[in-house]
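Chain nomenclature is as follows: A, B and C, assigned in order of appearance, with residue numbering initiated at 1 for each chain independently.
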């Protein structure tokens, strides 16, 4: 490969960078990071950062392989993406956003400005996480999910007092569900396919497919109509 | 103009920088950015960044002109301000904050640490947006408004399923209203002059002038008294 | 001391840096910052930043001395820590986090990714502030407190209209209390020892020791049992 150049670029000698990758200024690339064709890496981005764990962290598994960024993805200014993450084709990781180890982001998805996706999360394709969203560790976010700005998830009812054998329960957001801005999901919640959680709801029970949830605590008030399903939108 | 120098400064050759601008380390200035007299630009700031848009983004209008930063403004560490934004005289853009294209911030206003002001927003004078506030696209924030920490706005009831002709509805915050910390405004809400939204409220209806709103959903419980109006404070 | 080197390091000539400190790339160290043995400072960190205050800021006291980082602490990527702060032994300041002047963080505590601790805050030992938490100025957080992701505090019921003599009232979080994700505390709230605030609660009254608070507004629904106390966990 050609040796890429950009102002202030600090590039690990073992990184693999496609010839046409475009770097902004002051980018740092660690370890064995793999950057595919046509990827854009903007100013101040940190790629392949190894985790710095608290001794009491729930994220103790080893990092499994390097950061891989697939073709055509964009990593926007000041974002941090860890070693062991996988960023799919055409993904946009927004400015000042954050993606941790062993997390995969599927093709065509967007992680909004300042959003945080913690470790061990699986994000599908065409997912949109808006600005400042927080996705907790061990969550699953299926294809075509929309999460509004500042919405957040939790995974630990004990708040740091797990006993041996307790498991953390991230959120499960099924295909094409929509989570409103500022919504809060308590640990282990599953939101069904095509469900709709209104802005500002606090969701304390699983939401059935197509359920429309509003309030604190959130209650199902109706169901998403046929004409508001994603397939209808696409038709 | 003199050629500015600072450690790690990456300065576009077409930027216009007043002679007395002070740069921190590792600042990146893109394009035709105009920086006025007495402006302070701190460590790690990115100025004049061109938007990197999703193909499905609601922010598809062209960027209209360069970033302009007027005299005496301060852009604090690691902030990002886009091409096409206008930052008024004496404004403080806080550390790690974020201001997008076609957004104007009026003289003497403060955008707090980590706050996000999306595209096409008009912010008046002497506005204070506290830490981590989120102002959605197409919002209007008039003079002397106060927005508490982590308060947020939304602009899309469909959550990404707009039909042709649907418009996004940002928030309208009238003169001298106050929005409490962590408050959530559903799309298209107007908060009247001198109104007061308590911390943690979820505002689902317009708020009348001087209305005091509390709760989820927010309800008007009384009106702001004469002695608590901004003019009284100044008197 | 040896002169430390790292790519893009901008080091104040009056900083004091222990011989074995490890710097990432593009770190900026201001003023008289003191960095102890074994400290790790990751990519893009800004240390010892002097405050940039609004003329109307409530943080007008002088900065009292330099930033001091004690042995074995880690300052993670893109974090900003101000002059006048004190970071205890073994503390982890997370990626993109933010700690202001005259704030002390006790030994073994963790400030999560993107979290903000404003000025004049005292944080005890073994405290865990999760991602995106906001701790307002003049708060006290005692030992072994847990604050879930995106939880926040406020300190000003007037929202910027204090009269002469009014004092700001930060939060007081007593030993080993737990604050759930997304919870909101109104100004001046005290949460008692070993109390438990559920995720998404809006806390408008003081919480008694061991009180379990849920809802909007938060109400005490029961008390933490003996077997769920921190001492039991440790036993």
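In the analysis below, a contact is a pair of C-beta atoms (placed from the backbone, for glycine too) under 8 Å apart; a residue touches a chain by one contact, two chains touch by 3 or more.
In this text the structure is predicted, and so the values were computed from the model without any measurement.
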Given over half shared residue numbers means same and under half means different, the chain B/chain C interface is different
Chain A onto chain B, same sequence, C-alpha superposition: rotation to the nearest 5 degrees is 120
Per the C-alpha centroid definition, the whole-Å distance linking chain B and chain C comes out as 25
Residue numbers in chain A touching two or more further chains are 8, 26, 44, 78, 96, 114, 132, 150, 216
Per the touch rule, the chain A residues reaching chain C in their complex are 8, 10, 26, 28, 44, 46, 49, 52, 54, 56, 78, 80, 96, 98, 114, 116, 118, 132, 134, 136, 150, 152-154, 156, 159-161, 163, 184, 186-187, 202, 216-217
So, in the complex, the side of chain A touching chain B is made of residues 7-8, 24-26, 40, 42-44, 74, 76-78, 92, 95-96, 110, 113-114, 128, 131-132, 146, 148-150, 178-182, 196, 198-200, 215-216, 228, 230, 233
